[in-house]
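Here it is, the structure in full.
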Amino acid sequence: MVYEVIVGGKAGGKAHRLELEKAAAGWECRLDGQPVHIDAVIPRRDVLSLLVDGRAYEIKREQTATDLHLWVGSSRFAVELRDPRSLRSRQTTAGDEKGPRKVLAPMPGRIVRLLVAENSEVEAGQGIVVVEAMKMQNEIKSPKKGVVRQILAGAGMAVNPGDVLAIVE
Amino acid sequence: MFKKILIANRGEIAVRVIRACREMGIATVAVYSDVDRGALHVRKSDEAYPIGPAAAAESYLRMDKILDVAKRSGAEAIHPGYGFLSENAKFAQACADAGVKFIGPTPHSMKMMGSKTSARQQMEKAGVPFVPGTSRGLVSSEEGEEAAERLGYPVMLKAAAGGGGKGMRLVHSRQELHASFAAAQSEAQSSFGDSEVYIEKAIVNPRHIEMQVLADEHGNTVWLGERECSIQRRHQKVLEEAPSPMVDSDMRWRMGEVAVKVAQAASYTNAGTVEFLVDQQKKFYFLEMNTRLQVEHPVTELTTGLDLVHLQIRIAAGEKLPFTQSGVGIRGHAIECRIYAEDPDNNYFPSPGKITVLLQPSGPGIRRDSGMYEGWNVPMDYDPLLAKLIGYGSDRQQAIMRLERALYEYFVAGIKTNISLFQRILGDADFRAAKVDTGYLDRLIAKGNPAVVSSAPEREIEAMESIAAIAAGMFAVLDPAASVGKNGGAGGPGSTPSNWRQNGRSEALR
Amino acid sequence: MFKKILIANRGEIAVRVIRACREMGIATVAVYSDVDRGALHVRKSDEAYPIGPAAAAESYLRMDKILDVAKRSGAEAIHPGYGFLSENAKFAQACADAGVKFIGPTPHSMKMMGSKTSARQQMEKAGVPFVPGTSRGLVSSEEGEEAAERLGYPVMLKAAAGGGGKGMRLVHSRQELHASFAAAQSEAQSSFGDSEVYIEKAIVNPRHIEMQVLADEHGNTVWLGERECSIQRRHQKVLEEAPSPMVDSDMRWRMGEVAVKVAQAASYTNAGTVEFLVDQQKKFYFLEMNTRLQVEHPVTELTTGLDLVHLQIRIAAGEKLPFTQSGVGIRGHAIECRIYAEDPDNNYFPSPGKITVLLQPSGPGIRRDSGMYEGWNVPMDYDPLLAKLIGYGSDRQQAIMRLERALYEYFVAGIKTNISLFQRILGDADFRAAKVDTGYLDRLIAKGNPAVVSSAPEREIEAMESIAAIAAGMFAVLDPAASVGKNGGAGGPGSTPSNWRQNGRSEALR
Amino acid sequence: MVYEVIVGGKAGGKAHRLELEKAAAGWECRLDGQPVHIDAVIPRRDVLSLLVDGRAYEIKREQTATDLHLWVGSSRFAVELRDPRSLRSRQTTAGDEKGPRKVLAPMPGRIVRLLVAENSEVEAGQGIVVVEAMKMQNEIKSPKKGVVRQILAGAGMAVNPGDVLAIVE
């Protein structure tokens, strides 16, 4: 099996070519051409026990609707696995910095108040709306300097993670 | 002894009280809101009754509904836990009126301690040291200016009915006082429905140290040692320890005796906590009394070998304290980490949702009081405390090392938790040297939140990245049902070994 | 301090030692047999190496392979745990020869204590009280008859190299002696490769009480209190507690001093346990010394507040004991339940296999040292100890109540465990009254193994049966993927909500 | 939904007729005609939280290849669920007492020795073979008085649970 693995998140991630082949005992693996023998079992869902040259790793998998993270010890890595046979080149996210940016709800909660009006100018990091969840009021901030083109949130509204609260341009 | 106790709470504390009751052979009655049907306290109780919608005001704060369940179920006593109705004197009174024993102090003691100004007046009489200031509410900002002049800046304006940092303002100079007074009043009014504000000399970078007391209904009061609670964020405690590294035996006795004096002045019964501010010169000042069981009671349990909830129940049942002050010994060191559902990478925003993976630590010196389980959906409606991880050791260093080991074993996916914050605190040189005060945690967080890896040498990070890359492939090969790549999710029953390829392709076609 | 330690063991004790190492910042090297690749100690270690097939003789008992791994990995010390090579003086010597520190006593001490007759001879010199008998092996059954005449029947024949009840015979009269001697000799030969047998006066229904000692390599030896280990089956301990309910402070000091004398007579270093038989008149007799960490060491840890594995490692690294005898205090009470994979409903037959469901207790006063996890396949090749559940309380009653609570929370499916046996013991009147001796457990089990329900009133059993009936239906409705009826199993991916109907039908067509 | 539920094991089990119907909140249930309102959730696999008139039960499921047991608190019940529309009447196991009885391996292990020879007479409870597992030697006993018609186990053989070791008639 051959995979392309991006480790380190969409922005600064490094791409690796990973080849895996079942051996008599364990797996023969080539990471960016470098051969390494590994032994791996999944003792329980989302946990992988990996032995590489005697070194033992317990790797934990954290999967959300949008992301895959792997924990090696106490270190967390964003990981993306791709089929290298697909022709699609990786999208860069750099372009996003320039155009309109969405302000997203980071958690489920309720809008308690709006801190700015539509069309007002905001600095990067300035509060846009306040979302209450778990008895805490959380200021959701503008990701960039610009103008609040649209506010989609209203006081009292319930929101889910990923809901668009406002658009800053 | 009671045959049946209703627990008017939820989460880890409800589970903790249910366990104590089971240990004492007492049947338990749980109450739950609509979103808590699947909560652990409902699973673990002998009886359980719904009391309304998610909003606490319509369920866990509804005295009438809770007393109605007590009546229906035949519960003889109510344990309020902490938060919710635990410090509500009206509820304690309503319990008494309904013939149900409230496990806590009398409404009279609660009322006296509920108002900070009335508590100050009472303690002034009893000769308890407290931060210089006014023990009555300020009538005007002019009165405040006079008092501040007398006390010397900086001063602190505080809401009489206060708590949780609301209605509190630090004032550095006369110029600021007028505006701050107005702001504190209005915040106090909106938060507590009571605009009374008083003034105190501000203690700069104080420590927050509290003393546990226990009083039976026969006039016996003892103290059980102090807890260091200086590690806070947004006035919320995050990590507590017992004993405090800065309190020696002499200071402990003096604080303990003052705490007993405070309790006796309030005719206090059951478990309570006397909070002190301690300045750089180790002078301590009475701050307030919490008339309930504290979240952090386990560190006292581990260092004294006592069970505070058992004792609360025994006291409420009319028993005498089974020991005197000389029978109380402090041994070893205990530290509690409050595991909150919040995102350390995103400004500690709350993080409710479904727990998809949960690996929990155990073993020597580790106590875990938890309200969560794998598969549970953490509701967004209540405070974010999921569990408490408490480490005990024969000394502070061993307690720290055991906690670090246990935190390493702890893993929660699906929601975010502050586990990594504790790894930072416990590894921090200032914490190790016990150089902490109430500003410590904000300073630590302000240093930035480097991923744990960034402190490791470059070579090691690269090695770990390689491991992560290999692991990603092995997960895909060995557990293909769970999806791969961005089109994640738990992988339905239709998932097949070749699923990742389809995912890959559909992405390519977008 | 060592940088890396190899743990020459498996199961809960390997996990326990790995945790101690992590707490001390020491890297760990695990070894595993083919059937243990997925075992918890492999998951939790920093390095792990295979050492051969399932059979212990080809893996965990292979000194050469283990020392080879130590060499390859650069481990500076080896912790042997208990069992396997832990009391093997040859292995300790081989470690020394290979320049790897063996965490335990010297080969010399181990050898002296390894033979019961040589230990008796040594202790006789040191003036230690032991059960009257011969301190040399018997040459013939005639010699045995003479000695028995002198001691008075009943007498006990014992293998010098013995352990685990093998090569042991209780002899009530002269008539039996000849045949028993031959049998004991032959069993000793086949079990230990050494037919030496000696004779002792038999103590009827003794208690088995042991004293923990700790000795550094600078001549300091302390005792840490006793453990009551009378609750045994087939000479295997099942439940242990500290302190022993029958030992008072005076007796504890006397036993402790004898234990220290024993250790010193053997030039003992590191952790060790001196076992005593105690008769009805509370006279105690030296039985043997176990030259390793005991399974039941946690009860001593909880009552002393110390970590014995940390201390073992520190001692092996050449550190002095950080306290003296006067610094050791016993507080509260601790009880350990050994959770075995065995079937209480079927003669306590061993029960290896896959753990399909695992609910584990935690909370106040509960320590869990476990080697199992949900989904793990318990191999048939090793002893059946899965985990240890230890309850601590401020007194014996509280420890019992907390354990009962925790056992109620403990649930293991897929394999059988002896959890219900502990529920019987802890609820038993004789146990509650501390009326136990080494015959206690056999007597309790002989009373029959009534299902827990049979002690409940008929009406309550019927009510529970109704609940079980309703629950069966609700499981089928809410979790139809898991199959229903006799054609059970975990329900493959093909399971559908109507699966149970097909099962029902196919049964009908048989 | 209608089920027939046998509680209490194959031998002395009681049959109950169980009707379940989804209600607005919870379930309407009839057990042997007796109506009862219940509320049930499965918080995790094999665990059922059941509320019946305020009483709370955490029921645990233990399922093997052949049996289903439910734990109500610390009490364990053998349970069998049947489709009542099937015409099959319950098999009684009483007849087994008379005919030949199989001696089964109760656990995986290794045969260490045979204690009787073929065609020898045995008492009920007499040891037939010794199986070693988990470092313990376990005597597998005859379920009845009779003659050992056949011994299928040989010393050194590995066995799995349910394997037939001998037949006693």
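For this structure, a couple of remarks:
Residue numbering begins at 1 within each chain, and the chains themselves are lettered A, B, C and D in the order written.
The working rule: a contact is a pair of C-beta atoms (placed from the backbone, for glycine too) under 8 Å apart; a residue touches a chain by one contact, two chains touch by 3 or more.
Just so it is clear, the model here is predicted, and its values are computed rather than measured.
Any chain that touches chain A and also touches chain B is listed here: C. Steps from chain B to chain D, taking the shortest chain of touch contacts, total 1.
Judged by contacting C-beta pairs, the busier of the interfaces A-C and C-D is C-D. Mean C-alpha position of chain A lies 48 Å from that of chain D.
Between chain B and chain C the centroid-to-centroid distance comes to 38 Å (mean Cα coordinates, whole Å).
Rounded to whole angstrom, the centroid-to-centroid distance between chain C and chain D, based on C-alpha atoms, equals 30 Å.
In chain B, 44, 408 are the positions where the chain touches two or more neighbouring chains simultaneously.
For chain D, the set of residues that touch two or more other chains comprises 41, 47. Contact residues of chain C toward chain D in the complex are 234, 341-343, 346-347, 349-353, 356-357, 359, 380-384, 407-408, 411, 413-414, 420, 423, 451-453, 456, 461, 464-479, 482-486, 488-490, 500-501, 504-505, 507-508, 510.
Against chain A, in their complex, chain C makes its touches with residues 30, 37-38, 42-49, 72-73, 373-376. Those residues of chain D lying in contact with chain B across their complex are 39, 41, 43-44, 47, 49, 51, 54-56, 58. The residues of chain D lying in touch with chain C in their complex are 1, 3, 5, 7-8, 14, 16, 18, 20, 27, 29, 31, 36, 38, 40-42, 45-48, 50, 52, 57, 59-68, 70-77, 79-83, 85-88, 106-109, 133-136, 138, 161.
On chain B, the positions that touch chain C within their shared complex are 15-16, 19-20, 22-25, 44, 298, 301, 305-307, 309-310, 329, 331-332, 360, 362-370, 392-394, 398, 401-402, 404-405, 408-409, 493.
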